[in-house]
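See the structures that follow.
Two complexes come next, and they have one chain in common, subunit A, joined by subunit B in the first and subunit C in the second.
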Partner chain A sequence: MKTVAVTLLAALALGAILLAATGANPLEAYQAIVTGAFGPDGFQDTLAYAVPVVGMATALAIPLRAGMVNLGGEGQLVLGAISAIAVGLHVPGPLGLVAALVAGVLAGALYASIAAVCETRLGVPLLVTTLLLSYPAMSFAAYLVRFPMRDEGSSLPQSDQLPADVRFTELAPGLFLIAAVVVVYAVVDARTPAGFETRVTGWGPRFAQYAGIDRPALTVRLLACSGGLAGLVGAVVALGFPYRFIDGALITPQYTWIGLLAALLAAANPLGTLVAAVFFAALTSGGFAMERETQVPRELTAVLQAVLIIFLAAATGLLRKRRNPA
Partner chain B sequence: MTQQQPESRAVALRGIVKRFPGVLANDHVDLTVAPGEIHALMGENGAGKSTLMSILYGLSHPDEGTIELDGRSVTFSSAAQAIDTGVGMVQQGFALFNSLTVTDNVVFGAEPTRFGLLDRRRSRAAVAELIERHGLRLRPGDKVGDLPVGVRQQVEILKLLYRRARVLILDEPTAVLTPAETDRLFDVLRGLAADGHTILFVSHKLHEVLALSDNVTVLRDGRVTLRTATADTDRAALAAAMTGRDVELDKIYPTGSPGDIVLSAQGLTVAGHGKPALDDVSLEVRAGEVVGVAGVAGNGQTELVAAIAGLRALDAGTVTVLGKDIGRLAVRERRAAGLAHIPEDRVETGSAQGAKLGDNLATGFQRRLARRGWLRPGRIRDHAREIVEKFGVRAANQDVPMRTLSGGNQQKAILGRELTHDAPVLLVEQPTRGVDIGAVVNIHRQLIEYRDAGHALLLVSAELSEIRALADRVLVMYEGRVVAELTKDEATYTALGLAMAGGAS
Partner chain C sequence: MIDAALFSSALGALTPILFAALAGALCQRAGVFNISLEGTMLVGAFAGVAGSWYTGSVWLGVLIAVLTGTAYSLILAVGHVSFGGDAIVLGVAINLLAVGLTSFLIRTVFGTRGTFSDPALQGLDAVHLPLVRDIPFVGTVLSGHSVLVYLSWLAVVALAVLLYRHPWGLRLRGIGEREDAAASLGVSVTRYRYGVILAGGALCGLAGAQLALGNVTLFSENMTAGRGWIAVVAVMLGRALPYGVFAAAVLFGLAEAFGFRLQGVGLPQQATDAAPYVVTLLALFISSARIRRTREST
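Showing the complex of A and B:
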């Protein structure tokens, strides 16, 4: 914890030098980030951004806990969203809301399971299968909103709007859903044999095999959970404003990659993943505010974030683990 | 026997002090060795042997003290400098190019040249001359990869001789050798000593030290506890100097009273590179019996245990435990059928080094320590505490990472965990490798108690003394096959050694 604090200060100091070098006032810029992220105007934005980031971070942390990397979060996220929309457009009322969420979860879970089975049955590494299967999923959704599911009244690649009773008009339901999932993950991780076996696998694959843990079955189960949660995040986002699927809208904000970064930094620890994801979400949303309020150019926000992330990564053990493998 | 002569010292380390954070690895250590002397350096793990040798070999710097070679004070900043000054070391793992010839390996890094090109003829002549002079059984043109381990070790020694090393350090050189190869090595070393070379022989094997060395220095906790002429000491005195107390050595336990067959393996075959790693091996182990598997490392013992444990797929054969066929089952199902396993590799297979001791001990018990699907941290702690207390695992607490424990304590933890399964069959590989003498006695007693409680043990060990101490029956493996089966009385060092070299059928 102390190392992290020191690193954070060091990163902020380096960032201040960079900011000063471009003629900006570092203190003002940092202040803009903080008020942008947590001030009365910005807090709502931060939360709205944090929900999908935390969701994706947790989704990717689940297999990462066992040392498995799911690089296909984007595909699972998009499939979850488009499935939720497809169901929500056809099933009316509160039932539609539930059905849409379930559809999102199932779509993501099934799609991620395919990647897992490709590894366990065919021996193709999970890194490859998850990443490569992500692209056809995104392309498929892009096709759907351009042709069969297209909003006829618009020239944009987007779906029709969901009916008024199949919507999350506020942030709260999505927030609670994702928060509940994080709690469930933390409890399962710490207090169930399945969570224990997942951690054992993460400690060392050979130790896990020796101890009798069925890696193939675990791989499929973890990937199904991971993809299911990614699909849920997609569904939650799709059910919220603007209540439709817009091509690229889930990709541009980088939910998946910021989430993966948070999960990696926290070594997939449930609470750590949550903290890291919220931190990155606040930083990003504060960064937008800094860009608006000060003369600091957009590129420098990205540089500042990168500096922080690299310093944190160095401190929180990614490098430490390499140094003493014995 | 050459006594230490103050006027001629090949090596004199004086007052060596080396501190590591929290540890005094060498505490004013003196070590003097005369030219032509074979000097044994003994001590348990962590006694400071390796630190002292790495200081002599230029790999680390002493905080205090001096190093003298042939009466001149020297300071090394690298191993290359040490070898230039005439100090060479044969490490435990060999550093050889398997695809190159003996000559190429020996001259590597100091090749004779002619007009800037390699002079192969002179290389070969120089190496042949050295082989001849020291009576080694080597041919300059042989490819190193084709040679047995014992012969490869001679190539390592030859490398040092070629670089005109006068002081040779050998770190546990017999660990990988058959008894016959060990004898051969000792002949070579005696010849080198007679030729005026100085030999530093680092070992923890009492009988080898007594058989080979002229003088002995024993370290414990970084200090010299005994320095004597070998002729004036014996096994008990050396063991006492190493451990600081009297140790019961080489106790041979009486045979147990075997009951019904518990583990049966028939026709086990596992493919290897070229020839099978395991070739039609059959064995049976009864309740209350320890069956020992002897053999030089790499003759199929590892594959045998892996195949029974389910860590390696069988190409042919059956394995039954208590009459149940487990040969095609997953590891979890085999364990459920009655297997426990203390693996050879305790760092990656037997434990998770980065995880807490308590979690390491809970692994495998996670389903049993749960109630209605929930783990109970209290029960996990109790489970760990019971094992720690019963098996005398020394650790600050059960939350420390496994890697902070010494090798012996890690082994006790793994042993304790696996014995706690109370499984009818225990597969146990190299139970005391790298474990201190004091702990060896303890581990042996635990295994015998486990046997006497009616369990079946399959014991794989490269230590013949361990096989002789524990096994009621001995199988000897050579090139993937069981080449001999001996009763406890028949399993003498001579008989085992002969069979291990493939000399019995």
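Showing the complex of A and C:
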């Protein structure tokens, strides 16, 4: 905890130097971030942004807990969203809402499982299979909204709008859904054999194997959960405003990468991931307010996040070295 | 469909990937899993454009790209080698820092958003090789590229010589195979790992320079678009062997150029965009299946 506080201060100090070097007032900029993120106008935006970021952070934390990195979150997220839209456009009423969410989860889970099977059966590292499979998924969705699923009345690459009864018109349902998933993850992680097996694998893969944990099965299971949650996040976002799939709308806000940073920052601890994800979401959403107020580019917040992770990774490495000197 | 121009454009497309993959192979051989190639290349591209713009000389631009790439890779060197931080965590953060930093700087330095280009910005000229250019087919393929394209081929040979014909390469491979054994023979693991990471940074700087000053003459946000990740995969596919990495990069460049060509016959762009990744994945499956078979038969 102390390490996190110190590295946070160091990152803020470095950001202040960068700001001062470009001729801006660091204090003013930081103040604008805080009031922008938590002020009366900005808080709603922060929450809306936090829902997908927390969801993706948790999704990527699940395999990370066992030391497995899922770099294909973007593809799983996009496939979940496009599947939810495809189902939601054809199944009417409240049933359609449920069917859309289920479709999103299934699409993400299946796609991530393919990557897992590629590792367990074909021996290609998970890091690479998840990442490489992500690009075709994004291209596939981009193709769908340009041709078969295109909104005929528009010149933009976007799908038709969902019918009025297959929509999340407010933030609350999505928020509760993702919050429930975070709670389930925390309980499973702390209180169940499955969670224990995952953590043991994270501590030491060889020890886990010796203890009789079936790694291939665990890999597929964790990736299915991870991809399923990423797909759910995609479905939740797609069902919300503007109630359609727009090409690139899930990639540009960097939900996946900010989520991955949060999961890495918290070492995939469920509560820590939640806190880190909310913090990063607030920072990013505050960045938009800062840009409006002070003309400092909002990319500053991305720089701060990355610097924070670099400092923290170096600091934990140093602590580990000190604890067991080679 | 398949003609000299196709191979020529493949050579241009693969050069940034080749430089970055050589950087990755060098690090891999010394036991450093370097996934920060993407970000370092992006920073190199930005530095190259900024350097060329402010000095008015494309050569100074390339030099500045190399120096900036080297300096930027210090983050990984210090964080991973000196502090013992996790290379994957650091790599992911370094890549995101590069995206944030270059997007921040394009606005504060050039005052634009998205893309910076200007007719006055100096790019690399095409070099027409004497004699070679007059050979039919071969001349069209091999001649008329930027200097960096030819330099990348030399770099492949140089890496092979370094790794297998020079004591540095022997020690470096020793560190990659058995770190403690190499250390017990008096080889400084720290110094060699700093060396490969910084040299890798310089190579990524060249990759960025070719991307932003050779293939096109502009900088746009996130213009590396996954090429650094493809380089990571090329290292794996080529087993960190210099010529293996070269072959992997050629495969990728051909897939990209061929996909581009297929758009001409009416295939949607989204299908051809995905082609290089699918080809790479298939190549990985085949090569890992072969390894498994040889391992089982012995």
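Definition applied: the second predicted complex is superposed on the first by the 297 of 326 C-alpha atoms of A that agree within 3 Å, B and C clash if a C-alpha of one lies under 4 Å from a C-alpha of the other, contacts with A are read in each partner's own complex, and residues count from 1 in each chain.
Basically, a contact is a pair of C-beta atoms (placed from the backbone, for glycine too) under 8 Å apart; a residue touches a chain by one contact, two chains touch by 3 or more.
What you see is a predicted model; the values in this text were computed from it and never measured.
Visitor: So in the superposed three-chain picture, is A:192 touching just subunit B, just subunit C, both, or none of them (first/second/both/neither)?
Guide: A:192 sits against subunit B, while subunit C stays out of touch.
Visitor: Check whether A:118 is in contact with subunit B, with subunit C, with both or with neither, and answer first, second, both or neither.
Guide: second
Visitor: Quick check for you: in the superposed arrangement, does A:210 touch first (subunit B), second (subunit C), both or neither?
Guide: first
Visitor: Which holds for A:299: it touches subunit B only (first), subunit C only (second), both, or neither?
Guide: Second partner only, subunit C.
Visitor: Which partner, subunit B or subunit C, is in contact with more residues of subunit A?
Guide: C
Visitor: After superposition on the shared chain, which partner residues are touched by A:200: those of subunit B (first), subunit C (second), both, or neither?
Guide: Only subunit B is touched by A:200; subunit C is not.
Visitor: Answer with first, second, both or neither: which of subunit B and subunit C does A:132 touch in the superposed model?
Guide: Only subunit C is touched by A:132; subunit B is not.
Visitor: With the two structures laid over each other on chain A, which partner does A:261 touch: subunit B (first), subunit C (second), both, or neither?
Guide: After superposition on chain A, A:261 lies in contact with subunit C alone.
Visitor: Which subunit A residues come up in both lists, the one for subunit B and the one for subunit C?
Guide: 321
Visitor: Which stretch or stretches of subunit B touch subunit A in the complex?
Guide: It comes out as residues 309, 311, 330-335, 341, 343, 345, 347-355, 359, 362-364, 366-367, 370, 373-375, 377, 403.
Visitor: Given the complex with subunit B, which residues does subunit A contribute to the contact?
Guide: Within the complex, subunit A touches subunit B at residues 190-193, 195-197, 199-200, 203-204, 206-207, 209-214, 321, 326.
Visitor: Looking at the complex, which residues from subunit C come into contact with subunit A?
Guide: 75, 78-80, 83-86, 88-90, 92-94, 96-97, 99-101, 103-104, 107-108, 226, 229, 232-233, 236, 268, 270-271, 273-274, 277-278, 280-281, 284-285, 288-289, 291-292
Visitor: Can you check the complex and tell me which residues of subunit A touch subunit C?
Guide: On the subunit A side, the touching residues are 18, 22, 69, 118, 122-125, 127-129, 131-133, 135-136, 139-140, 142-143, 146-147, 257, 260-261, 264, 297, 299-303, 305-307, 309-310, 313-318, 320-321.
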